[in-house]
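Each of the two complexes below includes chain A, the first together with chain B, the second together with chain C.
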Partner chain A sequence: MEKIYILCIEDQSEVLHSVLEHLSFFEGHITIEECESTAEAKQLINEIDGEGDYVGVIVSDHAMPVQTGVEFLIELNNDFRFVDTKKILLTGQATHMDTIQAINQAAIDKYIEKPWKKEHLVELVSTMLTEFIIKKGIPYEPFLQVLDKPRLFELLK
Partner chain B sequence: MTDAQHIKEHDGPSQSWLKENLFSNPDQRMVLEKGDIILTQGVQNQRLYYLESGQLSGYYQPENDEVMNLFTIKPHMLAGIYSFFYSKGSSYTTVKADKPSIVYYFDKSDLSEEGSEQHNEFLKHILPSIVNEIYFRQMRLVQSTTEKHIALKQLYKAEKMATLGQLAAGLAHELNNAIGVLHNKTNWITEKVKAYFSSQLDKNVYKYFEKGLQNGQELSTSELRSRKKAIQKKVKMDDIAAKKAARLDIEDQELNQIIHNGNISDLEQMSNFWEVGLALHDMSIAADHTSHVVKSIKELGAQDHKKAEEFDLNVSISKALALVKSLTNNIEVKLDLETNMLITANEGKFIQVWINLIKNAAEVLIQNNTTDPEITITSLTRSNEYDIFVHDNGPGIPTDIMTNIFQPEMTTKVSGISFGMGLGLSIVERIVVAAGGSVTVSSEPGNTTFKVSIPKS
Partner chain C sequence: MINKKTIIWIISLALPIIVLLLPTSSFPIEGMTVVEQRVIALFVLAALFWILEPIPIYATSILIIVLELIMISDKGLNFLIADKDVEGFGTLLSYKSIFGTFSSPIILLFMGGFFLAMASTKYRLDQNLARVLLKPFGTKPSMIIMGLMAITAVFSMFMSNTATTAMMLSIIAPVLVYFDQDDPGRISLALCIPVAANIGGMGTPIGTPPNAIALKYLTGTDAISFGEWMAFGVPFVLVLLTIGWVLLNTLFPARKKEIKLEIKGEFLKTRKAIIVYITFAGTILMWLFDFVHGMNSYIVAMIPVAVFLMFNIITKEDLKKISWDVLWLVSGGIALGLALGKSGLAENAVNSIPFSEFPALLIIGFAALLATTMANFMSNTATANLLLPIIAAVGTTVISIEPLGGSKMLVLGTTLAASLGMALPISTPPNALAHATGAIKTGQMAKVGLIMGAIGLAAVFGLLYILNMVNFF
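Moving on, here comes the complex of A and B:
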């Protein structure tokens, strides 16, 4: 069976550890991967795609050296392999212009402001994951435990 | 306009004609003591004055405001031209002697009849003086408009900085207590947990708690992935377990032992305690980081209560270098310093200026792995000011950042502890501007220079 990945990108390790700890909720059903830069993320998603697996959700920081989260997500949105990947921007630093640009170019699905609450992040990722699975026509039963059931029900109607 | 130019305008044939024909009558010679008044603001004036020696000044008294010194009259210049020719005839300034002076005057009643040859001759020779007066007034206007513009700009900037400073000080004060509690309690709980774990846990497990606490996550995310793959190649393990083993950076031998004994739950336990250690480690880093940011904010908002004392700028640079030594270990620091560049200011503030500039340069060089990294500090004594240059051979400042590089929120640094919240340069600017100086920057790849100019005090 193909694996579904949740990918976290954050250059500050203390913050990355928090995100990972919060997303450990999905472990056992979904594979969580972490990256410190968008360059590393690009390499990894190519590998994941090469294996025939899915990049379901990306949670990315915005303010990072070399390439910002928004730039990366826009780039990803223009790649047919990752158009359906759910993109979440996690940031305390995006300016209005960055955010407007990201939304206009349909690069992000959700925006989470730092500092965030664990329940909020988990809930949002769960909803995104549910939408991704249905959109891709992946059998949802094995993942039921970590999916957003009301949303799933809505989508199945 | 300078007085020298003014006098020059006055020289020439007309000047000597005026002197000979109008301003040479011994009966119309006045000897002035310092403070004697020849023209009074708002009072009718019938006389044209010629300053033979000494010095006069024109004062204007605005309503409900302080007297302003508008101009100075040097020898061979005229006073009272405007009111003499102006039909309403009242002087717009009060003209006083600055020191003992000698003037000659010429009265309206001495004027020859209009149309007479003498009157025409008078007009011909007085004309350059009138033109000069108009030029002088125009220059004063331009000058004062320019001064006003500059003063307003400075005022606006000072106001902005003051508001920001107050805001920052308030914010820092509020945050300081909160972060102090988090910082101290983190240390306290770490000690308690450490003591408890060391007495309760198996030493093989405790070892990993301590590892997480001391070192945090040492492997980078990509190193973790390759480590995980390597483990999975050697041992049959699921993704989650392999990742845990990778994060622990566990020795192969120890891992084999665990697998061999079938105690995979040991790995689980090690990982759990390692994570507790990591969490405490991250908390401590975050608390340090926040304390550092609060300190920077306080610095930005700090009101300078310390007394200004005379010190040598070069000595303050050396002191700063001593403080940032740990940052410049792998960088060649070249110094070309003069001596005896004395100013009167708060030395501590200036040490802060050099620290911030050197720290910035060092961080840029380190972050970008510049080959043969170099920082050069040069100091020069100019006629009115001291110039200090802090130069680095880093990649240069991106042009889009250049324009607001002194803005408080500007930062290109994002990595962990060295993160300064982008306050460094605005602190530098604030301190230097407060001392009446300026900071400028020029940058191209391999060549970035911050120039600090400080007026001699």
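Moving on, here comes the complex of A and C:
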């Protein structure tokens, strides 16, 4: 069966570590991958797509050297392979301009401000995952445990 | 390392192949033909695939149809049917009749039901009806549960049980969150919906796929009209709903004093919405009053299809959302029944078992119990697909059943029993969805499901008894 991935992109390793720890809720159902730069992320999503697997959700930081999160997400939004991938921006440093770009050009699905609460992050990722699975027509039954049930019922009715 | 999946595959494939390779004489059926042997192999394959599910159940249905076309149709694979004129080979099925199962009137009746459900969801008729109908039930938890059960049951008579459950669960989901974790009311609130959806499906011929499959075997003098089905189905549903309601409120009484369900929206008053309301009501009335206009339920079912497409109420995009899986699952069942019937196997097999020596009541009891047991562990539809062709043959050949209602009684009893399998999260899709809310433990669901199954079986026997008394059979 095809695997679904959640990708976390964050240049500060201690922050990345805590995101991963919070998302461990999804382990066993979803594969969680970590990247320290957008370059690394690009390579990874190419591989995932090449295997026929899904990049379901990307949680990306904004302020990173070389390429910012918003720039990366815009690129992603213009790539037909990842248009449906749910994009979450997790940042404390995006300017007003960055935010407008993120919404209009990267079509981000959620915006989470640092510092964040674990429950909030897990809840949003779960909702995004549910929408992704239904949108892609992936059988939802194996993932029931980690999906957002109220959202799922809405989408199924 | 051999894992579970590999074992399932080996069993599901090996047994049918063994059946296929055995000499014809090794079967305890006298004068068995080659075609009949192939049908047995197909039946074994269908049973294993539907029970163990190495592939999705609708895929199994299509596999059966394709294998029938290749192995036992008059246009099948040439070397497999080369001996068709040799004595003892048996009669091949016409390939057209196998293909015909895709467009059987039963399939189209169900499709008509899908159109009604799709249009009413699209124009929010279901949501708005739920809102209006729930209001009189107030805010007392036990009354709310009664309201939810009644509405769920009524909707599941015309919509798929799964879609109804998803809709009703989305209504209660916001309330479930505010319940104390240890308030038993959470359980009864979440559990009342799948229970009512499973029960409600029994109320009409289109309520749930097993009913549709039953129609295939209820033909000629055994035919049951839409109105007749509802005449006994609705009271039967009502009795079971009441029992279910009492059971849930006794086992899991809510401690919370008040539940406020909020459903937003208002009835749409656009031209299209009004066409949907009129067509919906008109179709149901036509189904009920077939004795006035003479059109049977299959023909009536096509009217909403035409109307909704004409007025662009169901669009090209909506058409893509038709649940082909459900329709094809039923087609496969009809094809399997066709092969069992047309090859003569069903009758020959039944004749070779001395059923006549068994008391009629034992046969009925066993058939119903078997159906409910199987349906607890596998799809209700697949259960009906497997059991009904054989049950129908038993009903027509065993004379001792005749005074009790014959094939009609036996088919009806088994069909209703197949809808009573609701003990586990895997028993039915509504159960799986309700279990996913996290409010119900498997043990709690099993307790209610088993009690409802047992009471339901008793109620089925009661219903059959009454129907026999009034000379329905």
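Assume the second predicted complex is superposed on the first by the 156 of 157 C-alpha atoms of A that agree within 3 Å, B and C clash if a C-alpha of one lies under 4 Å from a C-alpha of the other, contacts with A are read in each partner's own complex, and residues count from 1 in each chain.
Quick note on the criterion: a residue touches a chain if its C-beta (ideal position, glycine included) is under 8 Å from a C-beta of that chain, and two chains touch if they have at least 3 such contacts.
Note that this is a predicted model, so its numbers are computed, not measured.
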item	value
When chain B and chain C are modelled together on chain A, clash or fit	fit
Chain B versus chain C as contact partner of A:141, first or second or both or neither	second
Which of chain B and chain C A:28 touches, first, second, both or neither	first
First (chain B), second (chain C), both or neither touched by A:96	neither
Partner chain(s) touched by A:11 [first = chain B, second = chain C, both, neither]	first
Residue contacts with chain A in the superposition, chain B compared against chain C	B
Following superposition on chain A: angle at chain A, chain B versus chain C, Cα, nearest 10°	160
Which superposed partner A:154 touches (first chain B, second chain C, both, neither)	second
Overlay on chain A, chain C to chain B nearest C-alpha distance, Å	11
Set of chain A residues, in rising order, touched by both chain B and chain C	none
Complex interface listing, chain A residues touching chain B	11-14, 16-18, 21, 27-28, 31, 33-36, 40, 44, 63-65
Chain A residues within the chain C interface of the complex	141, 144-145, 147, 149-150, 152-154, 156-157
Chain A partner contacts - residues on chain C that touch it in the complex	121, 162-163, 166-167, 169-170, 173-174, 432-433, 436-438
Sites on chain B touched by chain A in the complex	216-217, 220-222, 224-225, 239-240, 275, 278-279, 282, 285-286, 367, 412, 414-416
